[in-house]
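Just so it is clear, A, B, C and D label the chains in written order, and each chain counts residues from 1 on its own.
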Amino acid sequence: MADPMKIRAHVVGDATEVKVLMSHEMETGQRKDAQGNTIPAWFIQNVKVMHDDKVVLAAQWGPAVAKNPFLSFKFKGGAKGDKVKITWVDNHDETRTDEATIA
Amino acid sequence: MPKKTFGGTLAASLALGAIATGVLHGCATAPADREVSERAEAMMKASFKPHGQAKLDRLDQDETQRLCSEYAGHSLPPTIVEKIRQANLATIRYPADGKLVGDWKNGEKIAQSGQGFQYSDDPAKPAGANCYACHQLSPKELSYGTIGPSLYQFGKRRGFTDETRKYAWQKVYNAQAFNACSNMPRFGYHHILTEAQLRDVVALLVDPASPVNQ
Amino acid sequence: MDHPRRDALRRGGALSLLTLVAAAGWLPRGAAAAETWNKGAFETHSLDETMKALGGAPPVPSKDIVFFSTPDIAENGAVVPIGITSNVPKTEAIAILVEKNPNMLAAVFDVPAGTDASLSTRIKMGQTSNVFALVKADGRYYVNSKEIKVTLGGCGG
Amino acid sequence: MPSIVRRVVVAFATAGAVIGIAGGALAQSTADEIEKYREALQDGNPAELWEARGEEMWKAPRGPKKVSFAACDLGLGPGVVKGAYARLPRYFPDAKRVMDLESRLVWCMENQQGVAPADATKNVFGNGSAKRSDLEALVAYVTSQSRGVKMSVPLDEPHVHDMYRLGEKMFFYRGGTHDFACATCHGDDGQRIRLQDLPNLTKVEGAQKAYTTWPAYRVSQGELRSFQWRLNDCFRQQRFPELVFASDASIALTTYLAGRANGAEYNGPAIKR
């Protein structure tokens, strides 16, 4: 089971700023281990950020996104106390959803 | 182990110097300080373990290493400077065929590589000299260090002469022959580089066609 | 999870960057959105291949696409910060491409109405390369680029 | 190059201009850009993922005895984490030894939680079968709880003072095939290896800046690395044999460097290249 994300969501003016760190290897599938065997690709493919029932950002990622991914963006609206919910799905069909309260 | 051979020569000449001048021990270093040094050395020997090619004998200091550690942070007395330089100058060997300059292209590769002699390195593979870690050389390489001086236009500035070529060979072989307690590894003395590699690094410095001299 | 849909997309094969970006711009709102991954677009190996896919609709170079917090030199290629703001009106999607990576496309973001067309993330770069910020706005395509140098480092390497 | 790409590159290439600049200006612009790179990384530090994991580990019952770290005294009383790292290394009478954070955590695992010594240090630095160990997460959590606290290693205490002096000797000890000492790279101002700035650890400012930013998330490795790792890997590159984890020499050198950093605000775990 993957480790929880670290999500920060703050009201900035009329928008909500979201910053998230995810715990993931983001293995490219192009590296070799000490024995010379290719390490299979293992990376997050989809990220979806929800505010209430609305998708505020959706992403498709390849293995070129850095290990332990970071993402930062802003959406209009959102009030202190609201929830921001983030879900990722990787190429092994592992998934993780975490939630943060807008501060 | 070549180090023992050269180290023996080195230690002998340093010891002679010490008898002659009487300044090797005692002046810059108080007895209490020496006691701490000795305990520190014993503690280190108990706190490291052999790993691959890096055995515990790497903690055994030769006379130059010992003196340079002892005087670290103090200014070196001129007599010690001279003794270290002379002893290290005496270690320098030259190729039997007298050829000091090889292929600068290979020299550039050696200058770029920091591999070799770490316990994580394959001892079967050739070592690098990692010149760029400390020196600017070819202006094309932006990622260079500043522990040593810039060597850009080394040959061009000094002239493409026999003296320059010999100086480059000596300096790479054993920098402490000139600069006592230099930070630069003694690439020939410690046999870090082979004779052919030393030639190639010298070529990088002194060949008029080398990017260093453009 | 909606596997049949995802497999169908994977079998899609010759999906171009154009259709990828189009797809990103038209991501269905809702649960299915997170399960769409355009395999073909993430497997383009060369700039030619990727750009050819743009066909008759090449992106227009645009200074309305701005890189922010994106250094000219990366101390380490394993983590390269990229920030992109699109000032092109009606921006629907932003993609990040690295010319000299084994697969060019790094990430594509669908930017719904109400979300700022400005985001930052971190990518890997195998070597010094141009990085493209590709934007879809109001059905048209725009691009800007920036060269990022990747340096060598350390004492042991 | 396809025309569209050429057009874009020609129109907007900015970094290309760097190539044309020579000498000092080039070095300066390189240094400035590297500084921008480092600043951009500060926005989000994955070390936080380790801190969160470590906090859970700290509070959970562990080992054969099912004892949590609430019983572990880092010097300020059992279970007290706040500010503890800024006062380490220190002398622990129960262990009769000067200890840094990592050796103390291992001591608590062995003596309070009943963990076998071999297990407590099995995968340190991600060696062995795992890419990482619990220790890095615990270290990340404990150190994060000293953020903003002034370093105050108790150098007046005789055991600590002795370790400080031994560590200082180690710092200047030249050896191995390359004649390297710590001081070779960290004994002067304003130097770099390749493009990496080298802190002058013989000066208080240099030691402060360096020590207060470890442990750190290393972007080159995608892992959080501890101070014991830092020393271990320095000696590897020094061409020395392997520095044993939590050995006396490792603690002596840590004491020297931590002591040099006294008075500075602790600011780790950081993010570094």
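Brief remarks on what is shown
What we mean here is this: contacts are C-beta pairs under 8 Å (C-beta built on N, C-alpha and C of every residue); 3 or more make two chains touch, one makes a residue touch a chain.
Keep in mind the model is a prediction, meaning the values are calculated, not measured.
Compared on C-beta pairs in contact, A-C and A-D come out with A-C as the pair having more. Chain centre most remote from that of subunit C: B (centre = mean of CA atoms).
Put simply, the C-alpha centre of subunit A and that of subunit C have 16 angstrom between them.
Subunit D has its Cα centroid 29 Å from the Cα centroid of subunit B.
Put simply, the C-alpha centre of subunit A and that of subunit B have 50 angstrom between them.
Multi-chain contact residues of subunit D (touching two or more other chains) are listed as 18, 30, 43, 185, 193-196, 219, 222, 236-237. In subunit C, 78-79, 120, 149, 151-156 are the positions where the chain touches two or more neighbouring chains simultaneously. Shown for subunit A are the residues in touch with two or more other chains, namely 66-67, 70, 72. Inter-chain contacts occur between A-C, A-D, B-C, B-D, C-D.
Contact residues of subunit C toward subunit A in the complex are 1, 20, 24, 27, 29-30, 33-38, 42, 78-80, 98, 101-103, 105-112, 114-116, 118-125.
Chain contact summary for the complex, subunit D toward subunit A: residues 43-46, 48-49, 52-53, 217, 219, 222.
Taken together, the subunit A residues at the contact with subunit C in this complex read 15, 26, 28, 30, 45-48, 54-67, 69-77, 87-89, 91, 93, 95. Those residues of subunit B whose C-beta lies close enough to touch subunit C in the complex are 112, 114-115, 118, 120, 130, 133, 142-143.
Interface residues of subunit B facing subunit D in the complex, by the touch rule stated above, are 3, 36-37, 39-41, 43-44, 46-51, 54-56, 58-61, 64-65, 68-69, 72-73, 117-120, 132-134, 139, 142-147, 183, 185-186, 190, 192.
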